[in-house]
């Protein structure tokens, strides 16, 4: 799929992966998280430092927003003290007691992003984080990413929409006929 | 959910629905297609003139792109003669014999849009048609919409991303405390 | 080809390509027939007496297994909306779909019943009557299962809901199909009425279930 | 609360809230118990002889029913990825999840076996032995079903695949549980060994199945 | 008439007035009926004191069937006219009916032990009651599985009506099943011709069960209405918070 590719990301950096449909962004992100084995090449990134957001939101219809966030924060060793603050930042405070099954597409995505923010992981891998978000929510996401990078974290996002992340590095994936080697450190 | 809303669309018009997450765009589109009953208010639109594209692509993993398009075109009374042409327009010609399960997110969306183009219906209701599309595919979609409107059709799309539809009317949904009445004709 | 024909052939193709045609339910049916004697024990008389019942029961269970998938996929991937907006309409589309599905998947049921009957110690004639009874009952059983599948489409634990909803409704067909086999085996001469009742029940299910299924799925769309 | 405890309580909550706890499988078990005699016929001797087997078989079928859902939802909604990347890891997460699920869902099995035993004409003592046998066997049956569920997660016709994969592995447990009940009923004095074997098989399944399940799901992720 | 009572306000007032009466009348009827049935009425010459189970068993059986008719009827009304109250009634009736079916099964099986020497016999009547119990369970499981309230109401209505069609069918088919097998040890109940000394307490108990059923259903309906109102308030709070967040 993806060939002739080498990537090196420094702490504090945000990286936006662009590329036409079918260029292998999803595949690359999953490989970086250790969720698929790369066909060729190698990836030097500890899966235990990764917070991953795929196309799906991983929300259970019967759980409330607050229950879901609290559970994952606890499992990933995140700081439960900041739960309320993160919910407010992602405009979820008024939905805290709603079950996830009744949320709209954008509300679900915001909840999934709040989970990432609460994960206490340094590398965020986000596949199309903003597709269903409205303008204000995208700003909220950008603020989150800015804070994370300022604290020395790494954010890698695949997207087709403008994320509006000032200062982010942009990498355009285009098929080229050589070997893959993606290293993140 | 959605209140104080009245809508009138003329043949040949393209309408873009904007609005923050949770403002009821999905609900409104489904109501216009007769797929949900509006809580209050009325909708004057014949479901038999509607082609609908929801969040999901309605593709079967085991079917090839061509089989799927041919089937729906036949069921909806579309013109099978134009099948190849539409596939070329949506850059699907090289994927015609791929099974839908192996497509990337954007490739799936393009297939679903080709189905709409082949449906022979005058009103297109599109929920987030472009979220996973790259820039070139968005242009292709815009061209498709332009042609449809030029032929007297109606297109109504809910979106958070810029569709780049020159000349489209834009309608912003915001909650207001009165009754719903949406009429499309 | 008409629109109905197109739906029929497409769903036939999907049932074979995506789901493997009759392989799954047939294998399940076979597994149930093979396990039951292990549970019931090796006593030949008990096995023979229980035979027609166990075989009809296994056939019923086999109809429940795929019921979950018939509509839940269409409900979650948006196909249902497309059928509902098509000129054919939801009820007829689903009728054709279910028909294609049942044809593709359940044509092995009478065959397995015949073989199973012999394996459980029935004579050839009674095994044949039992197979005939199941040939009559199977479409009805499958349609009722499909109705339950429509009600449960896309829900959690749909499989269990389906069993719970369909089982009470399938009781008469089960009773008559097994009854025909047992009547033939015991020589009570009542296999005729039993077969007739199985056929009648099946036809009634065939006539009513699609409307129920369409109503259930329409409710889901709204 | 530790991470493992958090997974356990969460999955317990999800099993009760989203799936209704034991209601579904219990109802399915009950339906199977009620339908089997309708198929087998009302002859009291046949019913009594077949009783322990039919009851154990119904319990086995009830464990197969929810197996499909245990992991397929987690596979499709992305939860599996999150568990895999968590500090606890996939295998342990799934072990806790399965344990919680089985506790929430299958505690009614021995109860139903006892009531079913009485309904099929067993005396109180034998019915109790049968219930004990199923109390021993049920966790093992459920773990094997969960393993099959992991292998089939997200596939088409997963329910059928599960039946085919799990059924052969469940046979020994089925035979011993039913055997204990039958031994008590027939007074052969062999209920002790049968119960011991059921317990041993269950423990073995409990020790092995989680690793198999994790391996299967890990393969799916990659 | 339907639309008259379909008004939630009016129904609420009516229910609030009726509920204490129902509970009160049921209590009085049981206070009279239970001692009469369980103590003062004569034992049967064949069945001695076990006959007293009848005073619970038979009303429970009647009400289980009556309640299913109510469930099907309410579902039909909801399905055609979409009156929310009809759905509320259906949801309230189901657990009550299931409980009565369960009482009938439990008492019947307790009775069967001394009378037939078996807890259970696969006889037509018993089996059809078991199937009815399963129908209730299926209905409740379906309602419980669907989160969306409207959806749950419609799917439930379809199922309840389907079960209604099947009710007589079950009866018939099971009769068939019985008469087909002469060899079977089919239980024949040539019960005692009911005498006035038994008929009176039975009638009082049946009436008591009926009023109890009404009380259960009305109370449950009111509870669900209040729950709904609480949810609406929660929604409004949410909206307010959201608007505040927007500002």
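Lettered A, B, C, D and E in written order, each chain numbered from 1.
The working rule: a contact is a pair of C-beta atoms (placed from the backbone, for glycine too) under 8 Å apart; a residue touches a chain by one contact, two chains touch by 3 or more.
Predicted, not measured: the structure shown is a model, and the values here were computed from it.
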{"item": "Chain hops separating subunit D from subunit A, counting only touching neighbours", "value": "1"}
{"item": "Chains touching both subunit A and subunit C", "value": "B, D, E"}
{"item": "Chain separated most widely from subunit D, comparing mean CA positions", "value": "B"}
{"item": "Pair of chains joined by more contacts [C-beta pairs], C-E or D-E", "value": "C-E"}
{"item": "Chain at maximum distance from subunit E, centres defined as averaged CA atoms", "value": "A"}
{"item": "Mean-CA-position distance for subunit E and subunit A (Å)", "value": "52"}
{"item": "Subunit B and subunit E: spacing of chain centres that average the CA atoms, whole Å", "value": "48"}
{"item": "Whole-Å gap between the CA centroids of subunit C and subunit D", "value": "24"}
{"item": "Chain centre separation (subunit A, subunit B; CA means) in Å", "value": "28"}
{"item": "Shared-contact residues (touching 2 or more other chains) in subunit B", "value": "20, 22, 55, 62"}
{"item": "In subunit D, residues with contacts to at least two other chains", "value": "18, 20, 24, 27, 31, 34, 37-38, 41, 43, 156"}
{"item": "Multi-partner residues of subunit E (at least 2 other chains)", "value": "131, 134, 137-138, 141, 145, 177, 181, 183, 239, 242"}
{"item": "Of all residues in subunit A, those that touch subunit D in their complex", "value": "33-37, 47-48, 50-52, 54-63, 67, 71-72, 74-77"}
{"item": "Residue ranges of subunit A in contact with subunit B within the complex", "value": "19-22, 26, 55, 103-107, 109-110, 128, 131-137, 160-161"}
{"item": "Subunit C residues touching subunit E - in the complex, by the definition given at the top", "value": "147, 151-152, 155-158, 160-161, 164-165, 167-169, 171-172, 175-176, 179, 182-183, 186, 188, 190, 193-194, 197, 201, 208, 212, 215-216, 219-220, 222"}
{"item": "Subunit D contact footprint on subunit C (complex, rising order)", "value": "18-20, 24-25, 27-28, 31, 35-36, 38-41, 43, 46, 49-50, 52-54, 56-57, 60-61, 65-66, 68-69, 156-161, 163-164, 167-168, 170-171, 174-175, 178-179, 182"}
{"item": "In the complex with subunit A, residue positions of subunit E that touch it", "value": "147, 234, 237-239, 241-242, 245"}
